[in-house]
Structures are given as C-alpha cells and as structure tokens.
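Input: one structure, supplied below.
Chain lettering (A, B, C, D, E and F) follows the sequence in which the chains are written, and residue indices restart at 1 in each chain.
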Amino acid sequence: MHLFVCLFALLFSSSSQAADFCVAKLKGAGNPAGYACRMPSKVTVDDFVYTGLGVAGNTTNIISAAVTPAFVQQFPGVNGLGLSMARLDLAPAGVIPMHTHPGASELLFVVRGKITAGFISSLANTVYVKTLKKGDVMVFPRGLLHFQINDGEINAVAVVSFSDPDPGLQITDFAFFANNLSSELLEKSTFLDDAQVKKLKKVLGGTG
Amino acid sequence: MHLFVCLFALLFSSSSQAADFCVAKLKGAGNPAGYACRMPSKVTVDDFVYTGLGVAGNTTNIISAAVTPAFVQQFPGVNGLGLSMARLDLAPAGVIPMHTHPGASELLFVVRGKITAGFISSLANTVYVKTLKKGDVMVFPRGLLHFQINDGEINAVAVVSFSDPDPGLQITDFAFFANNLSSELLEKSTFLDDAQVKKLKKVLGGTG
Amino acid sequence: MHLFVCLFALLFSSSSQAADFCVAKLKGAGNPAGYACRMPSKVTVDDFVYTGLGVAGNTTNIISAAVTPAFVQQFPGVNGLGLSMARLDLAPAGVIPMHTHPGASELLFVVRGKITAGFISSLANTVYVKTLKKGDVMVFPRGLLHFQINDGEINAVAVVSFSDPDPGLQITDFAFFANNLSSELLEKSTFLDDAQVKKLKKVLGGTG
Amino acid sequence: MHLFVCLFALLFSSSSQAADFCVAKLKGAGNPAGYACRMPSKVTVDDFVYTGLGVAGNTTNIISAAVTPAFVQQFPGVNGLGLSMARLDLAPAGVIPMHTHPGASELLFVVRGKITAGFISSLANTVYVKTLKKGDVMVFPRGLLHFQINDGEINAVAVVSFSDPDPGLQITDFAFFANNLSSELLEKSTFLDDAQVKKLKKVLGGTG
Amino acid sequence: MHLFVCLFALLFSSSSQAADFCVAKLKGAGNPAGYACRMPSKVTVDDFVYTGLGVAGNTTNIISAAVTPAFVQQFPGVNGLGLSMARLDLAPAGVIPMHTHPGASELLFVVRGKITAGFISSLANTVYVKTLKKGDVMVFPRGLLHFQINDGEINAVAVVSFSDPDPGLQITDFAFFANNLSSELLEKSTFLDDAQVKKLKKVLGGTG
Amino acid sequence: MHLFVCLFALLFSSSSQAADFCVAKLKGAGNPAGYACRMPSKVTVDDFVYTGLGVAGNTTNIISAAVTPAFVQQFPGVNGLGLSMARLDLAPAGVIPMHTHPGASELLFVVRGKITAGFISSLANTVYVKTLKKGDVMVFPRGLLHFQINDGEINAVAVVSFSDPDPGLQITDFAFFANNLSSELLEKSTFLDDAQVKKLKKVLGGTG
C-alpha cells in the first residue's frame, strides 16, 4: 500500500492550490471571480465556520431592524463557492426597507415571529406579497426590489441565503437620499417632490 | 474531394441543432437559459437582422423620452448569445427615470446630443455622474440604479447594449407607484410620505 | 403620463416571458439549465413561498434524523435562481451520514441544539471538523464528503442552503449498499471486507 | 432501517429529473443550454457509452484524414456535462485543415504516430507549432485557428477532447469555398485572388 | 436614524471590495476571469466613461477602414461586466476583412451609411449576408467567421458591442500571412497555392 | 498595407494580456477562476504541450494501477480553458478505487485492454456498469461516485478528459481511512464496523 499512498501524494505534490475551496485573502486585490485564495496549508476548520450570526442584531434604530451579513467580506470561507448568508432581526414594526441585491437571488427562512415580505417584478410591475410564519421560506429573484416587515408582536428573526458570496445590497432610500446626488437630478429622475427629497436627504445625511 | 465533403456532411447529419446559434421560438415556454431554438433549416439572415432601432421613438409623453428595445423578445436572433441592444431617444429635458436591469450590465454610446447619466453604487451609495457628449461611452454595472437625462438643446439619441439577451428593466417609480402595492406597505418600506405616495400612484395608475 | 405608461406596456407587449424568474413546470422535460418556465401570467405569490420546512421531519428511524428538502422539485420557484434550501432534524445521537452534493456547495445554520459537522478535502484528505452551537454557520465546499451528527442532548435543527436549485444528494452508504452493484465489484473498488459489504447490503436493501 | 429507506425514497419521489445527468432528446428542439433531457427512468448504461470511436475513420479522401466525432449529436449522454470527444485518423501526409471550434477549447492526445500541430493566437498572430509524438498532449485554446498534419510514415491516431458537448467545427476552406458566398464578397474580404477563389470553389463545390 | 446609518456603514466596513464593479488594474497579471480590481476608493466616474470612440478612425490604409476598440485594455471599467464596444469606420469600398472573435458574440448598429455584412455558420457552411442601412442591427454569433464592407458612397460608421470585455480579434489574413508560419505548413493546411501564399505573405509582412 | 498593420498592432498595444489563453503562474496565489496568467510574451509552444502522459505509470502497488494527471498543476497551459486530461494504467486486476471528482465530469477512452467501469447516480442510487473494450468511450457525470477495474489479461491504458482544468480527486477510501478523522465519528457517519475501520486505517495510514 505504501506505493499507492506515495502515488497519491505525488498526484498533487506540485500543487499550490486545490480545486476544493478558496478561502479569501481579503487584504489583497479582488478580481471578477472573487478574492485570491489563501494557501490551503494555512487554512483551518475555523475558516469554514462563522459565529457572527448567533448574536441578535441591535434593533434600537430608526428601522427597528438589523442585517448581520455573512458575506465573503465577513466570512472568507465562502469565496468562490457561490453562496452566502445573513441574519435579519426585526423588532415589532421593524422593517428592512425596499432594496435589491444586484448580484444574487435570496431565500428567506423565518426562524421566529411573523414577517410580511414582498417583491416587485419588472414585468408589468406585479407585486408578490405574503405574510410568512415561522418555518416558511420565500424566494426573491435576483436584482428585483423587495422588502421585509415584522407585523407581529414579538421580535422576528430570519436567516437569508444568497446565490453569491458577495450579493451586494442597494437600499433605495440610501441610494437616493444618503449621498451627494443633486436634488435636481434626483427629482428629475424620480418625479419625487422637492420637499420630499429634501426631507429624506436631511434624515439620511444626504447633501446636494 | 468528394469523400471529404461527404465526411463533413456526415459529421452533422444526425444533428437537429448547431452550437452556432439558437434563434428563439418565442411562442414556446422558455427555460432558465432562454428560449427553445428554431430549427436551423428554417432560419434565414433576417433572423439575425433587426430594423426596429432605425426609427426614432415617440417622445411626446411625460418623460419626453422613449426606449426602443432589441431584446430577445423583439429580436429572437440574440437568444443564447449573451447580449442585446436598445435605442434611447430623449427630447430636450427628456429623462429615462431611475431604474435597474436586474440581469445585465449596460454600455451607452451617445449617437447625437448631450446626455447626463449616472449610477449609484451599493458600496457607500457613491454617485457616479457625468455629462456625455456625442461619441462618449459610459458603463452601468449590473443591477445598480442609474438614469439618463438630456440636458442639451437638441434631441439626443443613444445606443445601449446589454450583457444579456433579456436584461429586464425595473423603473423604480413604476415598481413603487404603478401597481396595487398598498400605500401602507410602500410607505413603511420607503419612508416616503403618504401624500407623495398617493400623488404618484395617481399619476402612474397605481391603486391601494 | 398616459403615453409613458403605454410606452412601458409596449416594451414587453410581445414578450411571453420575463427574465425575472422561471417557475418550473416539473411535469415537462428538464434541460441542462433546469426546467421549462410556467407562463408568468399563471404565477402567483404562492409559487415563491414554500411552507414545507416549518414542520419537523420524522426522526423515528435508524439514523434518528430527517432531511426535508426545498429543492426545485419541491419548490419550483427556485428554478434557475441558483439556490435552494433544506431542513435538518436530528434527534440526540442522530446523524446525517457521510454524503456529497454533486452539484452544489452548502451552508449550514444551526437553529437549535448542537451539531458536530465535518468535511474532507480532496487535497491530502484533510479533515475539517467542528462542533457547532446555535447560530453558528459552516460551509461545505461543493462535491466534498461531509456529515452532521447531533451530539447534544436535545433535538437539533439546522437550515441548510445550497448554491444550486437541484444540488443532488449522494449518501455513500446508499450508493454502496442500497442497490444491485455486485459485491465483487464493490469489494474490489472499496477494499471493504465481504462480510462488511454483505452486512450493510442486507440492512440497506442491496442485492448482488 | 426501513423508515430511513422510505425517507430517502421520499426525498425525490416527486422528482421527474435528477441533477446528475441529462441525456439528450435529440429529436426535440434544443435551447441555449443544450437539449432537453430524457426521463431518467428510460436511461440505461448504454446512454453513457459510445462505441463509435473504436473504428478507424476512412482516410481515402483528398485530405487523407478523417474526423469521427462523439459530440452530443452522436453521444447524447454528454449533454449538459461540459465536454465531448472525437477521434482523428491521419494517413501519412494526411491533414486536418485549418479550422476553429467556435465554442470550445481542445486537448489532443497522440495515440499512434507523429503529428505536427499548431495554432495561431489573436494577439500579434503568434504561431505555436510543435511536432508531437505518441503520448504527447497539446491544448488549442477556444476559438483560435489550428491544424494537424501527419508528417510521419505510418497512420497517426489521436483522441481529442473538447470543453463543450457541442464544440462546433468551422474549417476555413469550407467556410470560404464550399457555399454560395459570392466570389466578389469573398475576394474583397480575404484579399485572395479571383483565380485562387474560383479554383478552390470548384474543388470544394462552391458557387457564386 | 443615526444608528441605522452606522449599521449600514458597518455592513461593509471590513470590505476591501464591492460586488458592484471591478475596474481593471491593467499593469498587474490577469487571470481567467479578467484583471485584478482597483480599490473602489480610488475609482472615479471617469473610470466608467470612455471618450475614445468619439473620433473617427483613420481609414487611409489598404482596407480603407479602421477598428477603434473599447475593450477592457482600453476601457478598464468594463472588466468583469460581460461586455465591451468598438467603433468601425469604413470609407467607401472599405472592408473589415474576414475575422472571428474567439470569445464573444457581436451586435452591429449602423450609425451612418450602408454596410454589407455577413457571417458563415459551421453547420453546412451556410452564408448569412445582408446589406444594412442606418439604424439596422445585425448579430454575429460567437466564434464564427464574419466581415463588413461599405458598399455605399459615403463613409460608414458602426458601433459594435460584444458579449465579453475582452472579445479577441483574429483576422484570417493576418493569422495566415502576417507571421512566420511556414509556407509549407500553411499550404498543406489551407490548400492555397504557393504563389497566393507568397504574394500575401509579402503584402502582410509574413516570413517563412 | 503598412498603415493597416500599424492599426492592428495598435489595437492591442496597451494590452498586457490576450483573451486567447492564460498559462498559469503556479507559484502565485490562485483565485476562484484559476491561477494568474503568465505574460503572453514569455509563453512558448512548450507551455501548450505536455509530454508526461507518454510514459506508463508504475502499477507495482497495492491497486496495481496508476493515475498520471495532466491537470493545471502539471500542465499550466490548460488554466482557464475548461478542460484537462489524465492517463490511467491498470495492470491485470488493477483498480482505480471508488472516487469522485468534485468539480468535473469525465470522459474515458480505452486505448488498450478491457476495463469494467461504473458510476452510481444520486437518484435512487442506480448503478451504471459496463465492460469497455479498446476504443470505447464512457462518460461519468460530475461529482458522482465511479470506479474502473481491469478485468482483462493484459495491461489496460485509458485516456480520461475532464470538464475543468482542476477537477479534483476524492478517493472514498482515502477520505475515510487515510487521515485523522476519529474512528468514532467515521463509524457513526458510515455505519462501518469498528474492526473494518481500524483495519483500513492501518493499511492506509490513518489515525484516530
């Protein structure tokens, strides 16, 4: 058997990488396929485990909700593997505002409480809304606007998974009102009233 | 040479499809990769040519602009080929309102006039805006909010290409205000004022 | 605004499908990209919601565990969207036996209890094992052997997500012992003893 | 164990397709991802075995060579699996003329004899040519012009594999001279002399 | 709202890259997915805008035509985004000679003038030729031989887009005659006459 | 013609890389798409040729067989090209034990001798076994367990190709018995007897 073992060892003896996984080196520059891989010899089981979703997010904020991501930036072990996760905490009346993930579809699993969720299709702007109870799953197709609201009486918790290690997150309100996009351009391109724009820019820290 | 020709003919004699192209049968059911292919024997050069972008779109409307698509639904020849096109016409002050393409990046080439275009990244909501002149090209990365405005004094024309035969188009205003999404849910998930929501629902034909 | 609405409606008027989603017609024949799409006009929100993971699987069986899948076959809404889910229930000492998913990576989130999980790399056969507590996440790279064991004292529950709507599941024991693969070929190709093979074939219903 | 077996059977009981494979139904219409799948229940081991490469191709033709493909059209079992094969037979002085595979890279393994092979890069038109002996492997990157010539004294045989089930084959001579492309357009777009064009059109059966 | 803003900032605080885009660092080594990304903090709107297509190419050359690319090498902003562009200028009788793009499909939009374009399928070498007028679009499937000729009386201009940031360009004449590929190998693999080969090698600078 | 040549040279003058190929720099860190590219100017034809498969593997070992890979680690020229190869040598009664390739499908071509090969589907654990003779081809779908046995009387040789430059190789026996996975966890997750586990751990060098 000795020779066989040697043969096997030989098989990858000149290899600096396995196809198996590619734990991200976040400090280096990424590329269109993700981040560079750490050397497998330096990888341990802790690179494949993430403990950050075990703690409830702080919902003492204006949306009464929190998103705790386990994307490749927080969890380098998912680099190149085509998926990631996040935890949602929503206090009663809490809301994850209307948003998209530019690069991924999403599956939501309700761990606790009751969540009303919905998305809007690009075809005829059809709305798909449903109130989900514990154990229900809902899918949000890639790139489409969607939201989640806790309309129960207890804190709600959900685990969401994505079809990409780096799904991105574009909250419409933040994209519109939390930067220096000029009110003039924003109003022309959204038909929102000047008063509305200025009010939300003030709340969300936008200028212009 | 006769035998060689026969050999070659033989090579694909049992084939009902070539890898070369897959002109869409739009009537049939699609699948995640696109539409089913028409039989190559029924395909002619006209399946690979689209003449609909040669005519200016009608900009006598509230946005003073028009989008004329050459997506797979209009131009079945691009099915499975990873790209499509559209023509933008913008009268002076015309605007293509804030929108996303859920499944594609976009390149815009200014054929005529002057267009101010911009997109918003999901990272820190950074705004990238530029006034483009004839001949300029701008890229809008997949899934991100962007807009185009004609701030010149003549009609502007642009040709835009996409990285997918079926890029989709989700105009935020339509997604928010042109359907039956309840004002309550919309207001909770966007922080927009009730008056603003009801005003735009009325304009865009929304209910609820 | 009327003209604008018309313009928008026109945009997809000849379209029988949107890029947004592709709810599976399971009765029809699939293809390498998944299943054919149902017509969007027949799709409702219930096609995007799956309630089957809300119920605990029956663990009164030899492995004291259960896998409840929400793959495309159970949840047609994920067709073409690059992800799926499942629920794991493990009674104390329950085990999801050594297995692979031929076409997907997996993320496991512990909803309840304590799970010891591990996978084996193809590079030098390195073992990555960890005991996970409630809220921990572990990733299992695509195609690699892995297992989960409840070594706590209460029932454990996990939600697992996959990077494909149809990840497949190949349990090594079933692949070896629950079919008509001849004992001779199996023993030659696994070095397992004849007595061991025959014992497990008997338990798992294999012949040959 | 009975319950466990039942559980497993249940897992896919409503499934009409496995992720494992997708043997092509060649008679039906294909789609951009390949052909529709045959029902797994009708698939046998013979769908995964192809015997057509065991017989030498007939090299009694003008190129003294033959290509015997095992593409998806001949070997439906490779549908959706990302690879295919072919056998090359070259009598002494035989040649596989300059050609491309529009959709695949190629690996050539010399089974017998001596083959001079080469490809031309698109970057600076660099030529990569080598005389290969039995057991040598050469890779031809996707879409680039390449050729193979037997410059040994015995029949040469090679097995070539492709990175796609349907790699396509475009022999430049046939593309130029074996159809009805007008001599005028051909000469303008290739700078070839009229006499040369007409000579080869005659040999290869072209018109125009 | 302050807490919410903090929360959002936190979301990507440890991130050195966004999924949104990946502007190429051309100086570094590329990889199969493209080039490494520049740090987003160093990216400005000018990285997403390319002005090089606004100027007519110089057509005072033997083909009376010019190709001005906006591929990833000229326009680093398209890196990883699945598309690129180029401008074609053709003086009367100008020609873009027979060529392929090894890695991309192409869409051509006629901005000015009249262009006769065609491609040749690998299936039975069928020719698809059409004379296009201003505003017409034609698609050339990936990897197939195609050409464009100005047979109008004014300069023609076209914008072409590709399904890849780095489509490549292999002009058959250059691949055959503009390098050191030996005349012997070239003649054997193309059936072209020695006089023809030597004539074009001389014109195009080839040796051997 | 001089100007045309210059034009062409200009086209890629600022380019440090072509789309054509990406010969791997194995010393550098890989990424999810493969390895970084060597500069094309340093690449020669020898980077596209591999001679290591011309020599029979040493079968004087416990399995009476040898696998000689031409994966990206041995043959850097295949990096990014979607395929690789290996050579199998099997002395009489030699066996390539039950294994998977986590990231690739496989095609096997019998060059010499007689090989019994089989794979097991994940759907109902169906076994597909066949005795292959010289010239036969068999496909093994990605990620599924399979094996090869020489049950002829002469040495058998096969060439196998993969749908990935880095297919990986997980031999079940080595994954189970050639590392430090504890006997307790292994037995619980495989139902193998303790004596069987300890016997094979001893033979294959495992501990725990």
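Methods note: contacts are C-beta pairs under 8 Å (C-beta built on N, C-alpha and C of every residue); 3 or more make two chains touch, one makes a residue touch a chain.
Computed from a predicted structure; not experimentally measured.
Chemist: Identify the chains adjacent to both chain B and chain C in the sense defined at the top.
Modeler: The common neighbours are A, D.
Chemist: Do chain A and chain C face each other with the same patch, meaning over half of the contact numbers show up on both, or with different patches?
Modeler: The interface of chain A with chain C is built from mostly shared positions.
Chemist: Counting only Cα atoms for the centres, state how far chain C is from chain F in Å.
Modeler: Distance between chain centres: 25 Å.
Chemist: Just give me the whole-number Å value for how far the CA centre of chain A lies from that of chain D.
Modeler: So the centroids are 42 Å from each other.
Chemist: As a quick test, compute the distance in whole Å between the mean CA positions of chain B and chain E.
Modeler: Each chain reduced to its C-alpha mean, chain B and chain E end up 21 Å apart.
Chemist: As a quick test, compute the distance in whole Å between the mean CA positions of chain A and chain E.
Modeler: It comes to 35 Å between the two C-alpha centres.
Chemist: Of all the residues in chain C, which ones touch at least 2 other chains?
Modeler: 12, 15, 18-20, 31-33, 35, 102-103, 118, 122, 124, 126, 129, 141-142, 144, 164, 168-169, 174, 178, 203
Chemist: Taking the top-of-page definition of touch, could you list the pairs of chains it picks out?
Modeler: Result for touching pairs of chains: A-B, A-C, A-E, A-F, B-C, B-D, B-E, C-D, C-F, D-E, D-F, E-F.
Chemist: Which chain F residues qualify as touching chain C in the complex?
Modeler: 95-98, 100-103, 116, 118, 120, 122, 124-127, 129, 141-145, 147, 149, 168-170, 172-176, 178-181, 185-186, 188-193, 196, 199-200, 203
Chemist: Can you list the residues on chain A that touch chain C in the complex?
Modeler: Chain A residues touching chain C: 9, 12, 15, 18-21, 40, 44-46, 48-51, 53-55, 70, 75, 77-78, 81-85, 104-107, 109, 111, 118-119, 121-124, 126, 128-130, 132-142, 144, 159, 161-164.
Chemist: Can you check the complex and tell me which residues of chain C touch chain B?
Modeler: 1-8, 11-12, 14-20, 22, 25, 28, 31-39, 79-80
Chemist: Which stretch or stretches of chain F touch chain A in the complex?
Modeler: Going by the criterion above, the answer is residues 26-27, 29-33, 35, 57-58, 60-63, 66-67, 69, 73-74, 102-103, 164, 166-169, 171, 174, 178, 203-205.
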